[in-house]
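The next part holds the structures, each set out as structure tokens.
In what follows, chain A forms one complex with chain B and a second complex with chain C.
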Partner chain A sequence: MRVALFWMLAVASIVSGWRVFRTDSMVRAAYWLMASFVAVGIIMVQLDAEFLGLVLILMMAGEMTIMAVFMVMFMMNPAGLNPMMMVHQHRASIVAGVLAFVGLAGVGIFARFPEPTLRASGQVTAQLGHELLGDSMLIFETAGVALLATMIGALAIAGATGRFGSADEGSQEPGEA
Partner chain B sequence: MISYGRLLGELATIALVLLAGVYATVVIDLWAGRMVARAPVRAFRALTFPIRQTALFLLQQRATTERPDAPLWALAPALLAAIAAASLLVIPFSSQTSAAGIESGIVYFGALMALVMIAVYLNGWSANSVFPIIGGYRFIAEALSYEMPLALVLIGAALPAQSLSVSAIVISQDSLWNVIRQPLGLPIYLIAGLGVAFWGPLALPDAADLAGGTESELSGVQLLLWRTARIAVLVAVAAMGAAVFLGGWTGPWLPGAVWMTLKTIALIFIMVGAGHLVARVRLERFVLVAWTVLIPLALLDVFAAGAVVLAGSPR
Partner chain C sequence: MSREVLLVLGAALFGIGVYGALSQQSFVMIMMGLELMVNGAIVAAVTLWSRAAAHSPKGQLLAVVFMTVMAVEAAIGFALVTNVFRIRRADITEKLKALRG
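Showing the complex of A and B:
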């Protein structure tokens, strides 16, 4: 049962990853990638990395949506609803793709993994917490707090009310427009 | 080895709980609306209202748009309903029902609530129509704003339990419920929960000023499925709130499942009542308040909860 589920998820992640490049819309491509990540996330849950797998899905849901919105904003394609070619520079990208695949597959096959392999202790989340809030705490917290403060600051600046009304009403002086 | 009979039984239980919750929510919504309007409530008509409404939707002709993305449009309500059903897996309704063997129940719930954004955006995007897609974009801005406060207050509630499992959080409230221990938690959770179910004051993607927004091109069965799924999300949010902030199944005299049901209905009543008492807020105001007020307050909630845990733990 577990093995069958693993193979189903593995195939699903590869097929949806392939669909990312075969579809003709930015939004569809983003959500095929999301589907691929969800499959990988569930595989990670299967591998006892429950917290990491769930956090992967949690983060990717937001990230893929933001990516889709940004692509739609930057492309001259109204709302990403018109069909468009999602791939370009075919030769270079095929070479890069094959090289990356061979490299990663080579690592998977030929690399020596640490012996003995870690046993599933059920303490993965706790170990992760000790790592993040132990040795790596300064880096982790500095980056996290700086990013959050930046986001809140950006929102506060963008949403501030100025002399000529609220931010969404434009900055032009009344009567000039 | 998994027992398939037991699996089917649990799936049927989840479906039944969700449908009963949706039915109750529609009745409560009607009742609260009549109370706010000071109109008389006719009990029989209120109780049969969901059935009549369903029949109306089923009889309605289904309209479509020009070249919609039909598969994704059909997927959106299914995804939303699946999110609600899947989140019920980790919500314990009594001390006996074990939660699907997922230890990080709170993270699981958070991941599912993040997927709501995808369902709503797809529902707006795939219709290939103006108002739905504006509603979809609106919801992305709304969802990115409520997600952080939601996650933070859930983490705050998990701190006294020193566990991410929802059952452990319920057990940790044996002496004192989190709603009293962490006074900021439940209000922020309920505001974020209104956002998750895009309900009442935070029903922005399908607002009237967008002529229905993401809902404006839906009709017939499709509209019925979408609304049912959305109410199911509200039920799931209320049930999680009852478990995490109101002590879940704990309570005197009555069996645990009854307490859990009563607390869930109380939270549904508060959220649905807010829909009748509070005006719809403007999106940019909500985004600003969420980032500059709700997130700092939620951080304060987490810090206070952590300080209490540290002060109480033996050195």
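Showing the complex of A and C:
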């Protein structure tokens, strides 16, 4: 039962990941990506990483909803009524993707990894919580500060007005100078 | 669910992400490719924690770092897309050729 569920989720995550680049609507692409992340999140729960799996699902639900809004704003092809295939260097990209897959899968299959130790036992989430707010607090706090810096940076980059008026005050197209 | 199957799953997601990031013209779709690549990396990290070091919660911290990377990439990416669109009216990579040598 557990194994069958895993295989269904694995196939679902790959297929929905593939559909992201094969659908005609960018909003649908965002939700296909979310489906892929939800499948991976459930697989993580199966692998005993319950907390991280659920955090991934919650995070992606929010992020993909925001992404869908951005998609609507930037979409050249409203509602996916027309076929959409906007690619460049298509053949080279396919080759690069296949090479990345073959190389990484080869490492995953043939590399020697440490022998499996004990399975996760007991209260994994509680252990992770003590770790995050104990020995590994520096990592946790660094992630928090990085996210704060990201928020400030994103606002500074995206803002329409800067300190001295319009954000593109004084900027000119490259090549015009 | 053996370790090999899980790592191949991560590799497949990463490979699809590489394809998307390299082939798409729209900035937002390129970011989706990047997110898929991080998705594959998260699968691999959690797999190795679960199959090789599950006695200690420390291994999960790598996945926490990956999730942070994903959030940072999405936020800064959208900010850049917004800025580029506002100033250059560009929404696909082909419209930003000014830096080409």
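As a convention for this text, the second predicted complex is superposed on the first by the 119 of 177 C-alpha atoms of A that agree within 3 Å, B and C clash if a C-alpha of one lies under 4 Å from a C-alpha of the other, contacts with A are read in each partner's own complex, and residues count from 1 in each chain.
Here is the rule we use: contacts are C-beta pairs under 8 Å (C-beta built on N, C-alpha and C of every residue); 3 or more make two chains touch, one makes a residue touch a chain.
None of the values given here were measured: they were computed from a predicted structure.
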So in the superposed three-chain picture, is A:65 touching just chain B, just chain C, both, or none of them (first/second/both/neither)?
first
Report for A:1: first if it touches chain B alone, second if chain C alone, otherwise both or neither.
first
Applying the touch criterion given at the start, work out whether A:47 contacts chain B, chain C, both or neither, answering first, second, both or neither.
second
A:33 contacts which: chain B (first), chain C (second), both, neither?
second
What is the contact status of A:55 with respect to chain B (first) and chain C (second): first, second, both, or neither?
both
More chain A residues touched by chain B or by chain C?
C
Return first, second, both or neither, reflecting whether A:98 touches chain B, chain C, both chains, or no partner chain.
second
Would you sort A:151 into first (chain B), second (chain C), both or neither based on which partner it touches?
both
In the superposed view, which residues of chain A touch chain B and also chain C?
51, 55, 66, 151, 155, 167-168
Can you list the chain B residues touching chain A in their complex?
1-2, 69, 72, 102-104, 107-108, 110-111, 114-115, 117-118, 121-122, 125, 128, 133, 137, 140, 143-144, 147, 164, 284, 287-288, 291-292, 295-296
The answer for chain A against chain B in the complex is residues 1, 25, 27-28, 31, 34, 41, 50-51, 54-55, 57-58, 61-62, 64-66, 68-69, 79-81, 122, 125, 148, 151-152, 155-156, 159, 166-168
Counting only contacts in the complex, chain C reaches chain A at residues 1, 3-20, 22-29, 32-33, 35-36, 39-40, 42-44, 46-55, 57-58, 60-61, 63-65, 67-68, 70-72, 74-76, 78-83, 85-88, 91-94, 98-99
Which residues of chain A touch chain C in the complex?
3, 6, 10, 13-14, 17-18, 20-21, 26, 29-30, 33, 36-37, 40, 43-44, 46-49, 51-52, 55-56, 59, 63, 66-67, 70-71, 74, 76, 86-90, 92-94, 96-98, 100-105, 107-109, 113-121, 124, 127-128, 130-132, 135-136, 139-140, 143, 146-147, 150-151, 153-155, 157-158, 160, 167-168, 171, 173-175
